[in-house]
Structure formats: structure tokens, C-alpha cells
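Residue numbering begins at 1 within each chain, and the chains themselves are lettered A, B, C and D in the order written.
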Amino acid sequence: MVIEILLTILLIVVVFSVIMLHVAYATYFERKVIGHMQVRMGPMRVGPHGLLQPIADGIKLFFKEDVFPETADKPTFYAAPIICLVAALTSIAVIPFWEGMAISDINIGLLFILAMSSLAGWGVVLAGWASNSKYAFLGGLRASAQIISYEIAMGLSIVGVMMMAGSLNMSEIVKAQAQSPFGIYAIPQVLGFFVFLVAMLAETNRTPFDMPECESELVAGYCTEYAGFRFALFFLGEYVGMIVMASVGTICFLGGWTGPFEVPFFPIIWFMLKVYFLIFFFYWVRATLPRYRYDQIMALGWKVLIPLALGNVILTGIMKTFVWH
Amino acid sequence: MELLEIVEKLREAFPGEILEWIEHRGQMGVIVRRDRILEMCRFLHDDSEIQMNHLMDLCGVDYGDRKDVRFEVVYNLYSIPLRHMIRLRAQVPEDDCRIDSVTSLWTGADWHERETYDLMGIVFEGHPDLRRVLLPETWEGHPLRKDYPVQGPEKEWSGYEEVKAVARRLKKYDFYGAAEWTDEEESRARAGEAGYVKE
Amino acid sequence: MLTLPQFFFIYFALAIIFLAGMAVNVRNPVHSVLLVLAMFFHMAGVYLMLNAEFLAAVQVIVYAGAVLVLYLFVVFLVNIKEEIRLKRFIGSYTTGRVITIGMLATLLAAAWSFKLGPAGTWSIEAVREITHTRALGIEMFSHYMLPFEIAGVILLVAVVGGMALAKKDRNRATTTEERRALMRGEELGE
Amino acid sequence: MSRNEERIADVSGDALSEVFEVQMGPQHPATHGVLKLNLVLDGETVLSCKPDVGYLHRGIEKLSENLTYSQSMPLTDRLDYMSAIANNTGYCLAVETLLGIEAPLRAKYLRTMICEMSRIASHLLWIATHALDIGAMTVFLYAFRERELILEMFEELCGARLTPSYPRIGGVRQDVTREFMDRLEKFIAEFPSRLEEYETLIDTNRIWLKRTKGIGIIPAEQAIGLGLTGASLRGSGVDYDIRKHRPYDAYPYVDFEVPIGISGDVYDRYRCRMEEFRQSVRIIRQCMEQLPPGPIIADDAPDLVMELKPPRKVMAGSTGPSPLKTALIRLVEDRQAYMEGDVYVSTEVPKGELGFYFVSDGRGMPYRMHIRSPSYIHIGALGVICEGELVADIIANIGSLDVVLGECDR
């Protein structure tokens, strides 16, 4: 019993550090990818090809002065970034990286992730309100509306996957997927995959749905008043959220840890490649697309994505009842 | 339409209002009285043969004591469909420094007139929102007048004193300046005493 | 000596009572909503202890993720600058106290009369075996199909009705021209 | 929350709707300088938008009343620093008209060429920031890549990149070199394909179209009334381009078209400027082909170096002539009789119509100089345009009007 608990704690520590390292280098990856898309080099100064840049950035952010607005609501202001990061990190617990390798392989893994991503929205909303600044407040309001709307679309988009796999457990979904005719659900669930990709961008507040921050209108939106360490927590939360969303996409639609052939000693490689492909997709979209307007985002969510996802659910139901059975 | 014909037409419509007209470098300038300037502008704007629909520029000129009437408000008008321009120069005396606003004809005259009011001190009657535009609300004097010194006024602008007071107040957040600011001073500064500077 | 489940149950129960009390008592409405959020999480914990993990997740997704955010939205939008002081319905404290105590007594009496009913189909072991989500699904979509659908339709009616009530001219104005017309005080044509 | 107590006329009579005041700027990423907008919002709808300018007011008009015509030239660089040469040229033309001199043909062609280059440079900065405001950040860096080439050519031409002060009253400062012409030729051969690159990035993008089409519509009548000029006016379908209406420099000798829009929304203004890029390339190419030999500055042009040196000692408190007053250009003195009077000369700079109104009393410095700057008028119009739009559309509108605060505040 005690040894089990200790082992779990060790596992948590290992996964946490690996994820944090990935987050650090996800920022590096982003700057390099976007840099090369924009005919420039990205970070080049710190270390060879700027490889130490994320570490330098981290040190800078964590040792910067923690500015606290005088009129802010203190407890909420402190709690908001922590809620953001905790919600994102907790989701990691249920993600199976390869067969049998998840901190906690619970039966309602997908629902748990949805629950946690809805909690992440709280961090943004409360940060916007607690800063007691108008830009932050507008950002927080936008965030609350956007997160509610897109959570529905995202939840519905993976209902099709749940129906095909017949389970909410993420490992089971991967296993069921591997036995399906195409090997991945992205092909039969193409509608659901599309809705998921769009909702994934919106849930993590990335361009073209970065309304809550939206630097050209609202300066930095909900995190306008945050600096240093607390800003870094938001930043980490956003990137961990990206990794979580990419992992969910990988598990639900791209076949998780399975690949065309087995890689000995390093089974996580397929999972990582797929996750990094989805993260690259985030960056690619960011470098290409302009930003939506707030009302257009809501229209897209409610009038396009939710009906599409509902249609996908109905279609999957019909197929499952009459065709695949 | 020839420029002189326009002047002729204007003279017929407003006898006694036109004082002088000067053609210089191919441009026609008409010096007029200010009293019926709005009607004159409306005439130029609406007449189908003139159609001055574009107000290119509106500004004030301070002639100091060189002329009998100190100020002039200059309207540079242009007709986009007919491609001719004319300049109206309305004389505004110093002791009654006001003229009718032409914002009802050209919405864009709004900011031109605000600028002229701000820098030259000419009041436009009937302007919807005549405030200072380039200078702060609390500025004293009108800098483009000839009697305004180039290097600026002797007296410091009151807003600058306020800024200095704020800077003093924020000094307590300075790394080295924490000890220099007492609570009593702080409360005075917070109460918004403009111009309060710690000696 | 308490067992671990007992300890957790007592913790959750006390925390729920405490947080609910605090939520009513704090002055700042946003803090109040935050406390309710924490309370919902503790309730989800109670569900988890009952092996109802599906309900726990839904509790967080629906109540914490959607309903409470809407509450928060309303709290943000309604500008509560000063405490709203209501006039009391009844002038005397005594009458109020008597009524309150009466209500409490009724509640206690009702609670006292609870008895354990006969065991149903779903014993703890049965639920463990086929997982809670599946058990819930089977129950809901076989025995209680009709009530479930009726409840769904009622909710749909409520949503549509809410939209019909809330939809005013302002929400119809999607273009600049329409918004400008509204600002001038004109009515929008169909 | 600290909200404004004052409620502007409530839009819907909804008890819950709260009027919300936001001061956008003067430090704000999307206001293109130190522009401040006092917004009154109802949710995200703008009830009123009052621009507040003057944070960059340097008193250029007052200063130039105390400097000779030549000395004021560098001040005009600082108006619209994105296309400084166009301001210089406009200023020179105004002074030339006042003095009654004319630049030689080669100088006219050179100025036209350089002006169009600076138009491209300015429009590149416009598309860069406009796209960045709407969120397309890649266009920003693409456009800067090309702008850099133009600035490097300016550097080769006269040694300065941003504020060249290259034109002179009566001509230009230096002749072009072979290398410059080669580079320019390479640039204009390549540039149209780069333009297509931007267009593939944003022009067919659904989000871009959604953000720009039907936003900030200014009907033609209203646009003229507001005093809009340049591409902002032509986007509304008004064919008013000073290069065609009152041709100056070499514009009468070259062949080009004036692109005009139809509906006057943000997208049409964007399209107009994108077409202007192509027309500018066309003009530059024609100028390069037709560039005649000859002098680059008029014989009777006033010297840059003051012929009459100011007296060395000025007694403190003496009422004698100030150093500046005697620092007259000899030629200007000769022409004293002709110089008295006033002229208004305007040119088509990238932002719109830049006009200089001079009142001269015959001395070597203007008695009164007034600058009619397009950005000032455009910002004044911003409030009217933004009313009833959403917050995000303000950003699109500022971008589409292409304002620069250095010119607005003077």
C-alpha cells in the first residue's frame, strides 16, 4: 500500500517534469516554426540555435517583480492563475501515453478532461474580474461566453468517438480504435475530428479564437495586469492545455500510442509524434489566420459547429445501429 | 468655370460682403466680411456651377498689427466634380473673435475649427463640440498667435505640475526613494491637490 | 478510529455545510460564486465515494463549468455597487424565529422518518461490475426512457422560451447600419 | 468595478445593460502611435467614440514661422515619418509655387520616382500593421522584408533611411547612381509577385473577408463631407486623386490609373491601396524609362547654405535683427516683391491630401505656415465611422484609414 502510493508519487513527479520540459520546448518549437514561416530565424542567441532560450525565459519570468494592482481583489487575483495551471495539469493524470502507462486510468477519462477544461475557464474569467481593469474585464467576459459555447461543441464532437468505442476510458478507446477497420477514428469520424480541431483551438484560446487576450484590442485581455511569476503560471497553463488537447485529439482520433510498426524500448514515440503534429497545427494556424471577431466566434460555435457535431452524433448512431452491426 | 466668374457670381449674390480679391500664382483668394460667411459657403457648396464640396483646409492667420483686422479665417475650397479651387479669407477682428461654424456644410470642418480655436483662439459659433484638441484642456493662451513666445510661456503649465506631483507620489515605489515620502504628504497628494510638490 | 472513507465523508459533509453557509454570508457576490464552486467540487467528491463517477464528472462539467459560469456572468453584468437592503417582511424578530424553528422541526421530523427501502437491482457489487456509467445508461434508457425524454423536451421548451423572451431588437442588429438605426431610436423593419 | 455613473441613452431599455467607458490608448498596441480613443460601450457595441489627440504635438507650425524655408524642411520629415520624402516633396512644391520657380525636368522625374517608392514603403507599413491588428501576423513580417529593401535604397540614395530630406526647393539634393537604378529595377521586377503573396495570405481568407467586408462603411457623400482624402476617400468610390486633378512633378507625363472602390467599407479601402501598389510600380517603371538627362536643381533655386551669414554677436537684450532674420537667402531677397501673398499647395501623399498653406510677407521665412494633414482629418472622422460598430471593428477602421500620429499632431 505504502509502496504503491510512493510509486504513484514518483510517477507523478516524473510525468510532471517531463511535461514541464515539453512545455518549455513547446514555446521554443512555436517560435522556431512561426519564425521560419515568417522568413526569419526565431531565437538564435541563447545557446546553439537558441536552444537554451526557454530556460532563459523561464528564469526571467520567475524572478521578475510580482506586480500587484492596488485595487485588485486579492484572493481571487492570487487564485486565478493557480486554477488555470492546476486544471490543465490535473488533466494530464488520466492520459495514457502508451499501453498501461497513465497515472490514473479511470473509467470516465474523457469526461474528466472535459470537466477540467471547463474549470480552466474559471481561471481566465476570475483573472479578468479580479484585476479590476477594464480591458481584463472585457477579456474575462469574452472568455466565459466563449468557453461555455465551445465546450459544448467539443463535448459533442467526441460523443461519436465514445459511441464507436463504447467506453469513456481512454485506453479502451485506443484499443477499440486499433481494432476498427481504418485503425484511426479520424477517417470515419471526419466531421467530429473537424469540429474537435476547431473547438480545440477555441478551448485553449489560440488564434484565431484568442478573443480573451487579443492583443490588438484588449492589450492582453485577462492577463493584462499580471506580471512575472503569475503571468508565467497562465502561460504554463495555456501550453499544458495545448498539450492536453493535442493528447486528447491523438487518443480519440489518431490512434493514440499505436503506430504502423512497433518501436522497441521507446513505445511513446508514436504518441509524441502525433501530439507534436497537432501542436504544429496550432502554430500553423496561428501563423496563417487572422483573428475572428467576438460575435463571429459565437456565431461559428453555435450555428456551425454544434449542429455539425450533433449531426455527427446522429450519423454515428445510425451507422452503428444499421451498418456496422 | 473661370475663377473670376466665380468671384463675380459671389459678388452678385452677396453685394458688399466681398472686400477684395487677389490672384496669386494662379490661385484666387477672396477677402470677405465674416458676418455672412456661412451663407457664402453654402452658396459655393450648393450652386450647381460651383459645387465646392470639398473643404480642403481651414485655418486661421494672425496678422498682428500689420492689418486693420487682426485675424483671418482661411477656407480653401475645392470642387471635386468641377476641379476648381478658391480661397475665402474671412476677416475676424481681435475684440470680437468669433465667426460662424461651417460644420453644417462639411462635417470634416469640425476638427479644423477645433484646431483653429485651440491654436489661434477664434471661436466658432454653432460648433457642436468646441474644445481644445491638440493642447490640453487646461492650457492657457493660443500658441499660434504672434504675441505668443516661441519658447513657450513663462509660467509652467498647470498639468505639468500635476504630473510632477504624481511622480513624487509614486516615488515611494522607487527602490531608493521609499524613505522620502511621509504618510501626511501622501494623503495630501491623494486628495488631489494639484500642483503640490514636495519641497 | 475512523476508516479512510468515513474520514473523507465527514470532511466532505462538513466542508459542504461550511461552504454553503459562507456562500450566503460573504458580501462580495463573486466570492460567493467561488465558494459555491468549491462546494460543487466537494459534492462531486461525495458522488465519487458513492462509486458514481459519472455523476461526479457531470456535476463538475454542468454545474461548475456551465451553470455557475452563467451565474458569474450575470453577477458581472449586474452592477451591484452597494449591498441591497430588503425591507423585512415581518416586523418582529420573534415571529421570524418561531417560523424558522418550526420549519427546522418539520425538516428534522421528515429526516427522522427516512427508512432504508428494499434492495434494488443495482447493488454496489453489481454497479462495480459493469461500471456506473453503463448502469446509469441502462436504467435511464430502458426503465425511465419516457420521463427522460419528457424532461428533455421540457428543457428544450424552456430554452426556446428563454430565447424568445430575451430576443429583442438589439440582438437582431447584426450589421453596423442596424445598430446605428437602433442608436437613433428607430425600430428595425422585418 | 469602477464604472462611470453616467448612463448614456440606454439602447434597448434593458435594465441590465450597463454603459461601460474605456479609454483606449494612448498606450495601446493598435492605435498606431499615441492616439487615445474615449469609448463608451454598451457590451461590445460602441455608443460613442471620441478621439483625443495631441500627445505628439511639437508645434511644427509655430517653429517654422521662425525658420527659413530651407531650415523647415527637416521638420516636414517628422510629420509622416513613414513616407517622409512625400512630405518633403509636398513642402518643396509649395515653396516653389510661392517663390515662382520650377524644378528641372530630371528632378521632377526623380521626385516622382522617389515619392512613389515612399508610397510603396508607407503602404507596406500600412498593410503590415493593418493585418497585424486584425490578427494576421505573418503579413507583417513579409511586408517588412520588402520595406527594408526600399529603405536600403533610400540609404544608398542619400544616406538616410527614415527621414531623408532628399528633395530640395527647386530640385533634388543628389543625382541617382547606377547601382541605385539597378536595385530599383530588380525591386520593381520582383515586387508584384510579392504582392500576390500577401493577397494569397489574406485576400481569399474567409476570416479576413468577414472582418473587413461591410465594416466601417462610409458612403461617398459622407466621405467627402468628412474631408477624407487619399485611398480612404477613393474606397468610397470618389475619384479624387491630386496626381490627376492638379498634376504636379512628373505625374502629367506618366500613365497610371486611380483605383476606386464601390461600397466604401474596410475591404474596399484595403483593395484600393493594394491596387495603388501596382500603380506605383507602373509609375516608377515609366519614370525610369523616361528619365531625361539634365540638371537636378533649378539655377535660381535658393541655396541650402545661407549666403548671408548671420552676424556673429548679438547683444543681449538688443532689439537689433535676430540671427535668423538676417539669415536670408540671397535669391529670396531679390524676389521679395513677388513673394508677398499666400498659396495653398497640396500633394497626394500615401495617407491622403497633404496641403501646405503659406502666408508670406516677403521674408525668407513663412509668416504663417499651416499644414493640412490627412491623418488629422481622418482621426476626426473616426468617431463618426466607429459609432455603432463593435470594439473589434474600431481596430479594423483605424487600420483602414491609415493614420499616423506624427502627422496628426504636428
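Assume contacts are C-beta pairs under 8 Å (C-beta built on N, C-alpha and C of every residue); 3 or more make two chains touch, one makes a residue touch a chain.
Since the structure is predicted, the reported quantities are computational estimates derived from the model, not experimental observations.
Contact with chain B and chain D alike is made by no chain in this entry. Using the average of C-alpha coordinates as each chain's centre, B ends up farthest from chain A.
Taking the mean of each chain's C-alpha atoms, the chain whose centre lies closest to the overall C-alpha mean is D. In terms of their C-alpha centroids, the spacing between chain C and chain D amounts to 59 Å. Centre to centre, using the average C-alpha position, chain A and chain D are separated by 45 Å. Separating the CA-averaged centres of chain A and chain B is a span of 56 Å. In chain B, there is no position where the chain touches two or more neighbouring chains simultaneously.
Counting partners per residue, chain D has 1, 393 as the residues that reach two or more other chains. Across the assembly, chain C contributes no residue in contact with two or more other chains. On chain B, the positions that touch chain D within their shared complex are 22, 24-25, 27, 29, 53-57, 59, 61-62, 66, 74, 76, 80, 83, 85, 87, 105-112, 115, 119, 132-136, 143-144, 148, 150.
For chain C in complex with chain A, the residues that touch the partner chain are 28, 30-31, 34, 37, 53-54, 56-58, 60-61, 64-66, 69-70, 72-73, 76, 131-133, 174. On chain A, the positions that touch chain C within their shared complex are 73, 75-76, 79, 106-108, 111-112, 114-115, 118-119, 121-122, 125-126, 129, 137, 140-141, 144-145, 147-148, 151, 155, 168, 295.
Across the interface of their complex, chain D is touched by residues 34, 37-40, 71, 132, 134-135, 137-138, 207-208, 210, 214-217, 219, 286-296 of chain A.
Taken in their complex, chain D has these residues touching chain B: 53-54, 57, 59, 61-63, 65-66, 97-98, 100, 222, 224-228, 238-240, 245-246, 341-344, 346, 353, 355, 357, 359, 361, 367-368, 370, 372, 376-377, 379-381, 384, 409-410.
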